[in-house]
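Across the two complexes that follow, chain A remains constant while its partner is chain B and subsequently chain C.
Right, the complex of A and B next:
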């Protein structure tokens, strides 16, 4: 059994479409708000940043930097996006 | 290079390539990240440049350590074993070049015992280290080396039958190890004989 959360599994199960950034695993209300303020209101915008960083773990650092996420949250979001990309990109 | 933020995106990209960092395009959102990464790498390189020498020395493991650790003045006398000093030096200096060819250069100083010890010297060399270690050993610490060979040589005639004489790079003196070994063997023998006595008793009773 994997150690992924329900949120993670929900997100990677289908194309993200227009989902809000809080649909991402690891991104809750507080972090979602901060990301919105920075202009990252939709999940696909964060995806854009993820892709620009070439799906590198540098994304984790970026996420921590931009919204103050901790390591666990940022890693969770990174894994979530990576898995989504594996399936749909 | 001192002020990354004043560089253009292109220059940052070329710097990232220079350090062989895997990266994406340097755009508004990614610039700060890459600047930070470059700073990290550059400071690391500086540190590595300073620390490199001692770390490369550290790869020499035990021999080097024990050599410096073991200056034991007590064993240092014994003019009788003067020949052994040159013996040890020869051996180590030769071990630089080749392990197998040590025997060839072993000509003048002694007659019987050195060949035995040097064989084990060879095997110990092969066991332990690279050429660099030997070189370092011979260069840096000739005197503890000679003192350790003196102690080893003293142990070797004392226990002439024993075949376990790798060269004196030991914390505990060799004779002590042999003593412990003999004591342990004696202890085991005692246990063994004590196991035998019940049948003997049985025998007597029968008679």
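Right, the complex of A and C next:
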């Protein structure tokens, strides 16, 4: 059965447009703030980084490194972006 | 050592391991350096791994089948990696996921074992399908068993009830037919001993007289009983009633025995005065004009057939309610059985359809994987239309709905989502299990 969260489903259901980075699955208030400080204020910027890393799982490590996310959060964000790309890219 | 590499060298080193890096910039440099380190250590451990795993042909075939579904020698492993990496552009997540996870897991031996067991024995899948088939079968069987048990209990109960009721009915009919010796009492009252004792009034003569009266009465009784029996049983001589007028009775008795005529009145008096039941009733004339005093038998003598049919009709009319109730219950049981059979058939059809749907969605995903389909999910109506021919669609709507409901709640490998396809919103099914687990090769 599906173990994706509502946030994940909401994100992958439509083009991300100008959504804030906290709209990503796994990214809450705290992580969102940290990403903003690094310059990743919009979801599409994080998408950019994801694509630069060729949609690889290296993205998970990058995310953990940049904002201190744990494995679960980072994996969740990775899956979310990957699915979004499957549907819209 | 790795930190002194510049971007181009880093790129070259990574490529030599079969890993294709993206642009190396400030944000990504550290990541790629770590990756290089990991690949370096993994390469050493892999050669060690190969030697230990060589004996396990099973492991070899399974791990290599994950990459390209064809048996490989371990040394070619990294080259295969390479070609696969180049295929990344096709944006097939499953391959990337597989190889990248493989890379991650190959860092040390314990993880390798995990990978091996994870991509484990393909034979398990055969068991898996048969298990699910058996599971479905068992699910099916359990409902069948339940129904059969209830069915058997109910029909057994009804059968015993019917037997008991029929036994009771037969016994009642017998009782009514044969009687229970009611006539004995009357018969005992009528004993016969012909003696001529006219005019004398001593006790002996009175007794003799009494006997003659009794004899007369017995004749009268049988005559009246016969008349009553004829009247009751079809009335062949078309009598108006079973009551015989006194004159008719007298004339009959005169035919039998001339001596009876004198004693007739006396006998009649005896009947009237007697307190015991002699089987003859005297009916006094009513107020209707033309009614005469008549005699009738209180115990009509009927033929066996007549008695039997009368008994049956009486018993049936009295036991009508019970018979009706039993009939209704049998009818209900038959209806229930029919319904159960129908439900069972429908469930079978539903499970069959569910299996076909799963196969269809998985095939669609495989096609998408190979690049034959543009989207990884398939709309539900499209699946229905490809599985059910048009003439059956309306008929099997209920089964289809049940199958869809079953899938959304009981199938973990298929996820139901909503997507917009060509501008229209569809509920779609997406296969979420990595393909290699479901391959039985």
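Methods note: the second predicted complex is superposed on the first by the 89 of 89 C-alpha atoms of A that agree within 3 Å, B and C clash if a C-alpha of one lies under 4 Å from a C-alpha of the other, contacts with A are read in each partner's own complex, and residues count from 1 in each chain.
The rule is simple: contacts are C-beta pairs under 8 Å (C-beta built on N, C-alpha and C of every residue); 3 or more make two chains touch, one makes a residue touch a chain.
From a predicted model like this one, the values you see are computed outputs, not experimental measurements.
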With the two complexes overlaid on their shared chain, look at chain A and say whether chain B and chain C clash or fit. clash
First (chain B), second (chain C), both or neither touched by A:87: second
Which of chain B and chain C A:30 touches, first, second, both or neither: neither
Per the contact definition in the header, classify A:49: touching chain B only (first), chain C only (second), both, or neither. both
More residues of chain A are touched by which chain, chain B or chain C? C
Just chain B (first), just chain C (second), both, or neither: which does A:13 touch? second
After the overlay on chain A, which stretch of chain B ends up in the same space as chain C: 5-13, 113-121, 149-157 or 185-193? 5-13
Need the overlap of the two footprints on chain A, from chain B and from chain C, as residue ranges. 49, 52-54, 56, 58, 61-62, 65
So in the complex, the part of chain C that touches chain A is made up of which residues? 20-23, 25, 27-28, 30-32, 34-35, 88, 91, 93, 96-97, 100-101, 104, 376, 412, 415, 417-419, 432
Which stretch or stretches of chain B touch chain A in the complex? 22-25, 27, 29-30, 32-33, 36-37
In the complex of these two chains, what residues of chain A are touching chain B? 49, 51-54, 56, 58, 61-62, 65
Chain A to chain C touching residues, read off their complex: 1-2, 9, 13, 49, 52-58, 61-62, 65-66, 82, 85-87, 89
